[in-house]
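Labels run A, B, C and D following the written order; every chain starts at residue 1.
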């Protein structure tokens, strides 16, 4: 027997499991992580060797950084589908500038590009009142096109550019991801802006009425997402030391996937930074493990799909059990 | 509602009228239409360049459509081009299997169809210019063998990374490679897909390296992935020539540069620009109705040699 | 997502769906001091009109401009091609329209299409067209059923549920087909994708009939009522006795069925199908539906809009190609068109607010009272 | 009670506000004095909400100005109005369910150390403030976990924390039961006594007359009168609101028919409600009353198949009744007028006709998916329009264009449409203005005459007295006793509801408690 009685109920309706669900989902993804990890460490001999672990974390951190930005967006009750394209554009911009203006300025320029794209997203959503999903869907193609036009479809390469390489070598990506996570966690927990993000996601109308400048909040959020996307774009381009308009296609969906795996609900108002981190590691572990076992790429999608459904299915059933009591 | 439908009707009629006006204007100059796989890739940019230059040199009008790696776009856009009236069609199909409707449409209008690389999908085209993918793989295998022989550490482990799973014809490269390398007594420890992407090539290679630190060589289905792989090798403190011998496919500029920079071993050259030129010449012949010399007559193929590019060839190529 | 935009203090103009003209006149006689523009902006229910007919009109305009500006656009052969092209996204957009009106969502249509198309082609090769049709539609239906159960019974948010099935079906297709494309060029099969009757392409005929069918479902059946009700207010729907779960499941099945049908057409069109068919298809479909004026939050939308939007996108691609616009620029243009079309409503509201601040009457518009109530009811909620 | 000074702290002058197609406020002027409770009354659509929104900075006036201490001010956004010392408690609240109580109290004014939020101070101050409202809750609890009455106190707490000079309360008691309402009024008085001005927006006149120092009446967006309470009678106010005199009707005495619905020892959701037994007869109204959380509303839900009946049995027309969901309930002939119209009743995007017939659309075939009989649907709609005299232009008008009262009638019609014989009314006149209220009462009387059995759950005692023939009073999920006809008085009900007397005439089943 299904009952939608409590669903979609407005703020004043008391919800027994306010915080519950997030904790559950987070612990779930953690649990899965353990299980999957255990399985692979049995099947694949070299799975647990430090080199491979670092390798996993590296590939996790690229998605994680975008995912962390996305976590904010989703917590504010929005979405950003343009992250993949943004990453590509930022990557290209930086790569093209490294020679002229030096590494650090180029990196800053790349991040600025990301911020700009984010800002545009934000403006479309707040000023033109286009639903975030569609707005960023449009921007997805536009920015991708922009990246291709900017590079004229060619590859930019910087072989032997060792300084820029630092961005992707060794522990840098992991540290960057952790840093981003820490900063965003801090922002969310302890700054007014952070709380106002949750407020906006929780109930935009009320938030506005109690003096939260929701438009500014959203602009901020989208810019952060843009910067995060740009950062991972930079890491990707540094990894391969080439930049082109094809970079990071389909990043948006995997980013959303890890956020959701991490237990941040799409309904907004809540964010789980830790969850997102775990989610991205989980996905990375699976892809890596399957590669180690030389399992065909075909199965990686399937497992990811099953994973999503399993995680959310558990969360939902738990949620319902609590409710019905 | 009724008002809108009325406007709609009147609009359509009006457009029809304009249609007749346009059709009356016929064109004099011969026009060559080229339908390209996806201009996002350097390889096809080269091919397009070659085709365009040749066509213009021969004094044809030239039109281009981009299939944007989508089969339905490939079919519709190309058919649109045919509708616009072209004298010959050159196409490098994203999905050869979907060539059927295009070739049929062309035949209907008596337009010769020249296929540039990838594959003919068993359709009724006039000629296909194809660089022998499988042969390329074999070439790579033999080169790797010769390189590794000359070395002390005789690890017999190699890996093979394919383009996206749906690119059936590119997969032949890896098939050829794997077959030959096994014959030469090596073990293929990993056959994975890098989705034709730099970053994927990087990621997969890293995984392979941590699974088999002693892998001696990696062959990749295209150069972007090869470049990615080379970087992955570099990031794990090794070298793409001395330690893990990286071989790519296409001889894209990035690859040549990488080879020059001593970051990857070799690549298999296809000659997209020449192929472009060839297709135009063939189109000319077909329009004149001359006979063609096929490499293999039964399926009207003309092979373009693929050749191995190592450091010195790379230099000379880049000079050009 | 769209629900969460901070726009809730925006007063909506009052629906005057049935006879806007007469109401406009009565209002006119009462508020003479309003400027013409202001009055029109105030009195007409723009969002309703735009929602219903906006894209249809835009499409017509685009056709006119294209016809005049683009040599080779305005010829029958080209129209045929445009209309045919609109069908492949269109058919599954019909299903998606219903889903989005019901306030849900299906990201798995792309993957489903690839699978169904492959099934259709292989079955056609073995058993002929009709079995192929049945098989494709059946497979689509099954996937839809899975989605529906996940959303309605397991209660996973539609976005994630269908994202999951998307990955799942994608992988399965590769595994089943082992990455190989199926090919079949039997005339009777291919006919469905490429033939035309009196220069109306078969796929387009199918598309239109699907749209009519969909419209009929929405406006002439209990199911349609339920769809709108759930999309408009799910809790109220449940209390009003709408079998919410059943309807939700059925909605996804419908999406699956239409996608299956569209997939078969595409397979016939291409003489072939295999894994990795049409990347990003789902987003195109959703974009088409939303461009057609269907509200992403649910509860509102029309088939006419979807049809028009599908044709518009096809036209756009066609025109851009005819004008030899660079492929990279094309991406930008398409995106811009989408954004422009969808920002119209927001801009209209902005204007309405702007005018409502400027213009005020010292005399009280007698007829205006009920609508005053309306406006206030609307935004105090 | 307090003697207010004569200088208006907040005033509006020739205020007008136009919305697309309507003039919501038309040249309104009046002032609020320091430390007074100023009641603002008027029917729905009289312009109260607009006025509030302007003072809150949500909207801006088209013409005219707002005066703070005789100085004209402009509030471009809510923040600036709050900074000016005005806080508004909206009827539907402005709480953020995912955030903690403390955050809700201090939102957008969070005490900070440098960039960081100073949680310690925030929580401490919050609990201090809430203590003054004698609300003892942990400031870190999520608002979504509070009861409505608590949530309202949090809202007030927010206002206090803002060092507010003027508090605007929009229908503050709408969501409260009598007891909580009484407590709220005390709080309002003490606020006024402490020098805060209160603009008390309501159309519950008994409240208004119990606390207001002065009363302002709006009608159709125009200012009718502002007068000291002592200078007005309820009748005057009402006629000022409605523009005409209302005849106050009383409960007709009815003759109950055969039993329609019978409950035996019913328990809901495994003990949420226990040992409920009653029998409902044709042509009578059985009232359910009790404080918030007493279980009445849950019982209604259970009777309508929205909650599980875990023990006991229900007979409907002598046949045992098992309702899995509302659909089943409707099929068997039970109808519900839900408590919260906006949330549980209305389909704002749909037309009146669709809203009315949605439960059981008239169909040509019984086959599924049923093909609709649009003609029949139209007739049905117009038919109900006549019967319940609902005011709308045509069946295809969007329901969001109707007044609250008419919307309520449409939803009532929906409940009746599925030929229901037992009708469940939850708060039938919530958010409905005085005029419509009287109409709806008359309507209910007519329905009962027609022989429909009605269960009425209401938090407004006057309503209960006006309508119910019998009344079961609940507390803590258990029936405390049943009152009949003249026994039903405010005192008696409150007595039972607060559980003061367990020795009232208790149903046989509820003999042993615990």
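Annotations
We take it that contacts are C-beta pairs under 8 Å (C-beta built on N, C-alpha and C of every residue); 3 or more make two chains touch, one makes a residue touch a chain.
The shown structure was predicted, so the numbers you read here are calculated from the model rather than taken from an experiment.
In terms of C-beta pairs in contact, A-C outnumbers the other of A-C and A-D.
Chain centres here are Cα averages; for chain A and chain C they lie 28 Å apart. Per-chain Cα centroids separate chain A from chain D by 43 Å. Here the CA centre of chain B is 70 Å from the CA centre of chain D.
Each chain gets one centre point, the mean of its Cα atoms, and the points for chain C and chain D are 39 Å apart. Residue positions of chain D with contacts to 2 or more other chains are 58, 92, 306, 325, 343. Residue positions of chain B touching 2 or more other chains: 39, 165. Of all residues in chain C, those touching 2 or more other chains are 9, 174, 179, 235, 238, 327-328, 330, listed in ascending order. Chains that are in contact with each other form these pairs: A-B, A-C, A-D, B-C, C-D.
Residue ranges on chain A touching chain B, taken from their complex, read 44, 46, 49, 51-52, 55, 58-59, 148, 153-155, 157, 159-160, 165, 168-169, 236, 239-242, 244-249, 287-288, 291-292, 294, 296-298. On the side of chain A, the complex with chain C involves touching residues 2-5, 7-9, 76-79, 81, 124-135, 137-142, 144-146, 148-149, 153, 200-201, 204-205, 207-209, 214-215, 218, 245, 253, 256-257, 260, 265-268, 296-309, 312-313, 316-317, 319-320.
Across the complex, chain A is touched by residues 39-42, 45, 165, 189-193, 195, 197-199, 201-204, 206-208, 210-211, 213, 224, 227-228, 231-232, 235-236, 252-254, 257-258, 261, 263 of chain B.
Across the complex, chain A is touched by residues 1-9, 150, 152-157, 159-161, 163-172, 174-175, 179, 234-235, 238, 244-245, 283, 286-287, 290, 296-297, 326-332, 334-336, 338-339, 342-343, 345-347, 349-350 of chain C.
Looking at the complex, you find that chain C touches chain D at residues 9, 11-15, 17-18, 27, 41-43, 217, 220-226, 228-229, 231-233, 235-243, 299-300, 352, 355-362, 364-365, 368-381.
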